């Protein structure tokens, strides 16, 4: 009976049951990577298990010894820190993204100034998750009074970008700072308001093979595939920019 | 078979396994935190905010659950009516819903785009991003725990006691307060403990329904998740404080049960 | 005065009862389990609403289904002693007794409760909880609780059945005293005719939802109207076929053999009843002497001592029971297996049609 339970726990997923790749990826890549995983599985005769969450939480899990093969984050800071601590290999910069101000379709909000108006319900990421730190970086570039007014309208510090998207599509929030790829993934329910170039942060995604990976060779091929391969195409289709 | 033969050994082994599985993670929390960490956690403003928020929202939630759930459970335990089985299932349903599903359910009901969202809005009630929203989420996920236990406790009360109370001149309402509740108290207390534990630990539905903002909606579980990525030790320390608070509450409930059993309840 | 009239179905039982109890009187309803006795009490108390019924107590109408009147149980001034006492487990003895005393200060309620408990010999157990009281003590607390607020009507459901035999005798004497001392009409139900006879001024035999006979205990024992009543009141009941004889007596051929005579008239299938204490025992084989007409050869099956008497289980063509003094039993050497003759008078033999 224990053997059966064990088989149940490990045997799910597509592809061949024997080789399994475990990937921790930033929440913003959910739709794109779910789209390209089956192709990877077929090509490699392996199964891929992908977990999506805030890049900071995924990094903390790896620090705590989580057995993952690949780490793909929405910034370069977190991978660089992990690399400095010897937990992952040299990070590969494989994609870029754009920070936008998202509003529900049909909203009267047009510019970033509009979200400084009192009473606006704004949702951003928490300080430690990439989307949240990019947002705070951007707001810091505004005049102090405006930054303060906008931050005063923040009603939730979500742990990952999909939480922000959820609050927007629910209709609970008036505006939120997300990636342009998230607006695309929302299938028309959200409108993206692009930010002035001078405010726009450099959003670069980094990925690497985890040092203690069980499938290092397979992991390497996955990471490379994020830059040039099926997954790279999927990311492009979703609106991610190419590697810098 | 001798008593304490191989069957007894299997029982003991299973208990040892269960005990280890349950206590080691809890012990590990305290193993990592020094008393200094715990104290400094308590001194950290945002941790205190989270603790205070958790206690407030749980207390309000429990008050609602007890006030509304107790009479409801009594009705379900003592009367039969058409469709009763369905009603009982509906009441118990949130019990088996994963927290995320509970969050979705709440959104679909009273969220801004929910079926009752318009009515809630028209009434001037704000639930998203508010402490009230947290209370709604906690009440939704925890009430079945209490109502179920309360139903069992009321059903176990000897019917002749209520009959006796009526023949002695007390209306059914008075009999409920002076006889049924005191006699059912141990069962009610354990139901309350379960509900309270569930409320204190609620995460997913709260995050989805009310969001996470310090002092307003970021309860201890959400604060732990927030800290986990950057300051694991702070997360541990906050967890330790929550465990200690939960243990204290559980102990208090046990004392109430013990007191009631020993007859400490005075009906004056 | 209490009057209860009801016609209703309780589960599979069809209950049809009409009774009246005068002030100061106790009517004991005796019958087998399932006869509907408790249901009658519950109708009187307002705990069971019958399809049709009328309950009047102390000049007030508590129930009249025809007029749609149903005073809720909590507004009827009944004292109800439940079969398992239904004492509130979380309250002490005096708090149980004082439960019904509302509108008085705490000190006064306690005082009244203590007074009642003392009268029943439980003064020193006033603070104890029901769990630490003995069966007999609990019964007395239940009784005190029922009478605490001077109810208009006293209802007792098998008040002694939960007690062991030894406690029962003392409790029965005590209860009889309480019942005698109260002005309220009392309605008591029991499955034991002896208990009914001891506690009730009048006894009603209830079977399958109906009162089949009502009267004083001795009336019922002396003139049972049916085999059931005769059996229930403790008589020996034999079955047989009767035919009038030329000597003015009725002769009954017993099923299984033997013949007895009775002064009662009867014809065809009958039940013959006689009381155990009317049956005398003689050593077997002795010729008839004395006026007793009825003689049957029997074997002693069991010998049970009851105080200074002995109850003999006898096996004849049909089973019989006889009661003789201990002294007589010793003198005759009555032991299981002994063959003896059971004899009794035709005048003590009752016949009822079957």
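Which chain is which? They are A, B and C, in the order written, and residues in each are numbered from 1.
Convention: contacts are C-beta pairs under 8 Å (C-beta built on N, C-alpha and C of every residue); 3 or more make two chains touch, one makes a residue touch a chain.
As the structure is a prediction and not an experimental result, all values here were calculated from the model.
The central chain of the assembly on a C-alpha centroid basis is B. In this assembly, C is the chain whose CA centroid lies farthest from the centroid of chain B.
Work out the mean CA point of chain A and of chain C, and you get 85 Å between them. Each chain gets a centre from the mean of its Cα atoms; for chain B and chain C, those two points are 54 Å apart.
One inter-chain figure worth recording: chain A and chain B are separated by 34 Å, centre to centre, where each centre is the mean of the chain's CA atoms.
Put simply, chain A touches chain B in their complex at residues 54, 56-57, 59-60, 63-64, 121, 123, 126, 128-129, 154-159, 163, 166-167, 170-173.
By the touch rule above, chain B contacts chain C in their complex via residues 158, 160-161, 163-172, 178-179, 182-183, 185, 260, 263, 265-268. Listed in rising order, the residues of chain C touching chain B in the complex are 45-47, 72-80, 82, 84, 86-92, 95, 99-100, 102, 106, 129, 131, 145-146, 149, 155. Listing the residues of chain B that touch chain A in their complex gives 107, 111-113, 117, 128-129, 207-208, 211-214, 216-218, 225-226, 228-230, 232.
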